[in-house]
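Look at the two complexes coming up: chain A is in both, with chain B in one and chain C in the other.
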Partner chain A sequence: MNIAIPAFNWLLVEPLGLLAMASVLVLLASLFMRREEEGDLAGVALVGIVASGYALYRLWGHTASGAFAGMITIDHFALAIGFVILLAAAAAVVLAWSDRHLGAEYLVQILLATLGMLLFAQASNLVTLFLGIEILSLPLYVLAGLHPERAGSREAAVKYVLMGAFSSGILLYGMALTYGATGALALSDVGQRLAAGAGSLAYLGVALIVVGLGFKLALVPFHSWAPDVYQGAPTAVTAFMSVATKAAAFAALARTLLVGFPYLFHRWLPLLWGIAALTMLAGNLMALRQTSLKRLLAYSGIAHAGYLVVALAAVTGLGLFASVYYLVAYAFMNLGAFAVVAGLSREGEEGDALETYRGLFFRHPLAAGAMVVFLLSLASIPATAGFMAKLTILLAAVQAGDWPLAAVLVVATMIGLYVYLKVVYTMFDRSGDTAPQAAAGEGEGQAQVVPPAPARLTPGAWVVVAVSVWGTFQFGLVPGPLLHALSSTILLP
Partner chain B sequence: MSGFPLLTALVVWPAVAALLVLALGLARSGAGAAVRAAAVAAALVELALAAAAIGPVVAAGGAYALGERVVWLPYLGIDYRLGVDGISLVLVLLTALVGVVLLFTFDPARTPRPAQFVALLLLAEGAAMGIFLALDLVLFYLFWEAVLVPVYLLIAGWGGEGRRAAAMRFLIMSLVGSLFMLVGIVGLGTSTAPVLGAFTFDLPDLLAAHAVIPGAAGYLAFFAFALAFAIKGPLFPFHAWQPDAYAEAPTPATILLASVLSKAGVYGFLRFLIPLFPALSHRFADLFILLGVAGVLYGAFIALVERDMKRLMAYASLSHMGLMVAGAFAMNAVATEGTVLQMVSHGVVIAAVFAFIAMLEARVGSRDIGAFGGLMTRAPILAGFGMLVALAALGLPGLSSFAGEFLLLLGLFQRSAWMAVVATAGVVLAAAYVLRLYQASMHGPLSGRAEGDGVADGGRVDLRARDYAVLVPLMAVAVYLGVLPRVVPDRVAPSLAHVSAAAPAAAPQAVGAGTRRLNGEGRA
Partner chain C sequence: MPEVAVLILSALLFSLGGYGAMARKNPLQMFMAIEMMWNAVNLVFIYFARQFGDVGGQIFVFVVVTVAAAEVAIGLGTVVLAFRGRERLDLDELDSLKG
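Right, the complex of A and B next:
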């Protein structure tokens, strides 16, 4: 028996290894520290994330497909997604820096989830794909329930675990069917075997894989967990999940479909069209009626996943280019928005009720001003990154001839405008603070006393907000350098 | 001037000035007068910059002058490209002039947060400049949207009773229109890929490449553009936002909307829709003329019965904008030159009208047409200027509106005699509603609230220095353009010829015909 030992280039997994080392370091160090001091370990975690980012940066230009016997693929697409994931992870660490409730266990889970996400985005084999989704999911289940004293947190965690297990099962079943149809696990082998022809087994396999990944991406109709989990989880975790999980799951979906099932595109493309249209419309429509800002942002996140699928459904280089651009823009504007929400949360109480934001501009002009920038960017108003990225997606869709999908995207954007402008309007509305007693006296069921927001954002929140404002304008006004770098982000077919 | 980015300066300077004014306001709270003085200085600099563009445009003879081009989004064919020709020049000058005078139409001592107020006005002015100067469709879209934010904040923050709803409706309707336009822009930009080998959003390149979107998508793109411009104008029946927004907005913002931003809609038709979609524009020209003329009558009839003076003039403005759209789609040089002349003229006159209404409201505390009368006895100079403004608004020969409307209707007559006749009826109605407004406020016995409020308490009710600063320049331009209207067609005609040469399918007619007629060379 002759076993071929493949040559391993360990540098390719350096980003993953650094994250693993940092998480172990944090875990061990926390054993020797008092509970109150554990927050300082955020520095260690941050160093790990930055080092991992540097390792990713060094891989730029040294891409390798099918490294580790075809288990992972390092290409510019994966690297760019990796940067987005690390950006979100860094934001999650910085946001929690001064939160006494989030100790070492938080940092460890964030680091491990980040590791899983990087792997997920690079996976080019069904086995690594599943490994990635499990490594990223398990820490997220814990993170979602990290505020056990709050009722919503526990509920969020349980819901997330159940839905996560369910979706993993579906994904695994889809993989099994695919293996049954092709006898291959590496995505490129799957693609080649299917070139010769495919049966219903493969069709069902790809459909189940799309559904399984659709759960992680929170695409409609697989989205029902997202609002509850986003609302119940600590805001720093929500910020992380909403950006990093989305980026990783999108990368996995794109790579699986484009590398594993390119010859079945006539089967999965209509599926994507339907899901994209449904997700964009339903996400924005459901966001309309939310009274909790975190839920509103959850539904907005669902809608934005729909825009990403539109880019993917173009099935062109420009489409992938657009999706990466969109993820970068989305990372900045969404992290910034959640940073404001996190910063305005008080001890153990999340500042997510929309009413808390009434007249915010007159109490916190800077925080409200930054929030306006993020919301306008989410609404894709020009001069922001959100606009430029959506324009690129629109270009990709129209170029591919997807006029109907482009039209749905525009209609969904219009509904979204109303969603985001409503929040902006609330922040500039002064009626709340001029006559609170009068409102209470009228007794219109407005009995709940609106708590004034705390005096200041935490320093960590300010850092994230400042970086996000910079990113939102940088990639909205002067996107040249980014586009230059991304122009090579075309997935290997 | 070589090397100095004059057009960028035109766009950026108001924004810089806005920041300076804000800083001044923060440094010295309660310094309303100082803030206004600084803003006026900045607006005068802007006017000088705009005037500096006249020479190069004349020298360029119809082509784009002072062009600036920088790659903005590589790989996507999106450039930062500005340029100015005869058509945009007259609108830039109008914007700069109105940008100065509107600063005199409010009382900084009685305006809350004057620094923010003035800063937003300056920001809107800069964005409006961008609309008229952008030659890249995406850049144009950026300015098109950018102007909404300051105007929204001006209405929502400093408007009248119903300001929130009015501001929201203005914003939502404008955004819906412009988002459709974005799809059209994307469709046009991508349609050139087979011809040029890449995307381009550059207007001259698109015209040169005869970019055409095939099939149903072409119709979609055409109407997407048209909807955005129709809402901005507004063109009947897309005017639902307009009366409330004009009435609720603070006077300077009303002037900005009615005088400058409404022209952006017609400008969009002239500069983008008709040249970019020549075939479809010809096919649907009658539809737009019909809507325009319907708006002429609809606006005029409502203006006949409206009691709120600002709403009255909002409907009158709707009527005039309808006429301009009809003129733009008459598709001949005479009508187009008349349309541009009328755009400038209306911009000047409507600014004076709304300023005049604000002066009345400041003196008697009401805009209701029946609330007061006989003001002439107490404020003769105000009444005299008011008469001049009213005559300009109703199109008396010798004043600017007459020349513009005459040329426009002449051109429209060539296209469709019936439509021209009906539109003329609307113009005649203008005399009725304008004189109704004037007589109700000025003539008759001193009555109503005019006796009770500021008028009767012996205070000064006639024109003050800042009122002169508004009315004198505007009326000077109205008289100048009435006596020497050819200065506008002289600038517009070569540029029209240039556009027609770039898009031969647009069926150019005798270019400069209007100029010759005005000069009495009709038989030549």
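Right, the complex of A and C next:
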């Protein structure tokens, strides 16, 4: 039997290959190192991530549709999302640099999850889509359970695995029904065959795929796992998950719907409208009554996924461009906020409870100041990246005639403003500063009293905070260059 | 076997698995139920691959089975980690995260 091996352009998967090589290198090197020294391997991981980013950069302008026999598509949409994912991965590595609890296994899982996310964003075939979601999920299950001392971390891992496997089952069933309806696995073939007409199999298929990906994107009503997992996982992992997973899953959802099911858009668009409105409102409303900052940021992340779906529901080039711009802005402000949380964590215990932050400004003026910038950007106050990004989404929605969604977005943003300002107020509130903490200082206070946060942030956290502050202002005050780079290149995939 | 019969059988298996995953509190039973969902998917792929005379669906089944094995390996690892030192395998015992 003759098997013809087609000629592949291996350069297209260079970013993925470099990440795989870095992870193997870290794994092998860790065998010859003592446990305390393993943290230094973060340098190797960081080099791998930067090299992968450079490889992505070199692919800019050399796009390829349906490479590797239709398995992946390298377009500017996938490349831009790839940069966001690598940015989050680099932040996760830097944040954990000085954390002696997280050894080589942490770095390996981060690198492998990043690889899966890049693949997920590029997948143009149902097989690669499934492999991408699993390659990114399996390391994340382990990462969520990595915190050595807290039972909550192991609990988060179990809940994440169960929800992940369950949602993958739903996604797979949707893929199987789509295959049954069209006989094709490549997204472009699926799209072409559905152009001739579609039956109930295809309708059910696309609905189940949206639900399956909705779980990964933590859209309401498929969000229930996210707050538990975000709170339980080590903060560096939460920062990585909240940005990179969201970017990758959004890219996959957009590509699947726009390439695979463009002719069924009258079926999935109402579904997206409902999910987007519900996600924006429920995410912000539930964030209102959180007493844990990580849970609050988790619900805020859910709401932000809703804004992204609004951009997707516009089904225009502007909408897609707005979503990428939003993801860039979201990456900076969210990584920064989580970096502050991670930096204020004590040995073995996390700076998690909102009460820990009462009067923070008077103890850590710089950290609190940076946090204010991130929170105001998340609330989309003008002069920040969050504002410009949300404005673009609003423009896209209005241009597409989605008036109801645009109205819901504005209302949800106003609720969100209250959520974030509440945290800002807590940080500037001096009243709680005296009574409970004086008691804690005496060491005789009630057991529930939260001790003040440690004296200083870790150097890694400072680096991430500084870069994030820069990004938040850069893309809020001088959005021109980024707008130009994105708008000239991002077309419907 | 007619198409409708296969689809009904797989839908039954899938909903049975989905119900089990939601109704059970024992993580091991939940994993078994989820495996059933995944295998209902495999049935659909195999049937249609045969109908279309297309090898793609069959390859997909191999991918699904391989990934399922990896997923369960990690899943059981996390279950052992979380329930070590506890007497009962009951998801309701994991209640430190809520709000």
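Quick note on the criterion: the second predicted complex is superposed on the first by the 472 of 493 C-alpha atoms of A that agree within 3 Å, B and C clash if a C-alpha of one lies under 4 Å from a C-alpha of the other, contacts with A are read in each partner's own complex, and residues count from 1 in each chain.
By our rule, contacts are C-beta pairs under 8 Å (C-beta built on N, C-alpha and C of every residue); 3 or more make two chains touch, one makes a residue touch a chain.
Just so we're clear, the structure is a prediction, and the values are computed from it rather than from any experiment.
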Using the superposition on chain A described above, determine whether A:Leu391 touches chain B (first), chain C (second), both, or neither.
-> first
So, does A:Met414 touch the first partner chain B, the second partner chain C, both, or neither?
-> first
Does chain B (first) or chain C (second) touch A:Tyr54, or do both, or does neither?
-> neither
Which partner does A:Tyr203 contact after superposing on A: first (chain B), second (chain C), both, neither?
-> neither
Does chain B (first) or chain C (second) touch A:Tyr179, or do both, or does neither?
-> second
Kindly classify A:Gln290 by the partners it touches after superposition: chain B alone (first), chain C alone (second), both, or neither?
-> second
After lining up the shared chain so the two structures overlap, which partner does A:Ser487 touch, if you call chain B first and chain C second: first, second, both or neither?
-> first
Does chain B (first) or chain C (second) touch A:Gly152, or do both, or does neither?
-> second
Chain B or chain C, by number of chain A residues touched = C
Would you tell me which residues of chain C are touching chain A in their complex?
-> 7, 10, 14, 17-18, 21, 27, 30-31, 34, 37-38, 40-41, 44-45, 47-48, 52, 54, 56-57, 59-60, 63-64, 67, 70-71, 74-75, 77-79, 81-82, 91, 94, 96-99
List of chain B residues in touch with chain A within their complex = 71-76, 138, 141-142, 145-146, 149, 156-157, 164, 168, 171-172, 175-176, 179-180, 182-183, 186-187, 189-190, 193, 199, 217, 220
Could you please specify the touching residues of chain A with respect to chain B in the complex?
-> 321, 376, 381-383, 388, 391-392, 394-395, 398-399, 403, 406-407, 410, 413-414, 417-418, 421, 425, 428, 479-480, 483-484, 487
The residues of chain A that touch chain C in their complex are 126-127, 130-131, 134, 138, 141-142, 145, 151-152, 154-159, 161-162, 164-166, 168-170, 172-173, 175-177, 179-180, 183-185, 201, 227-228, 231-232, 290-292, 295
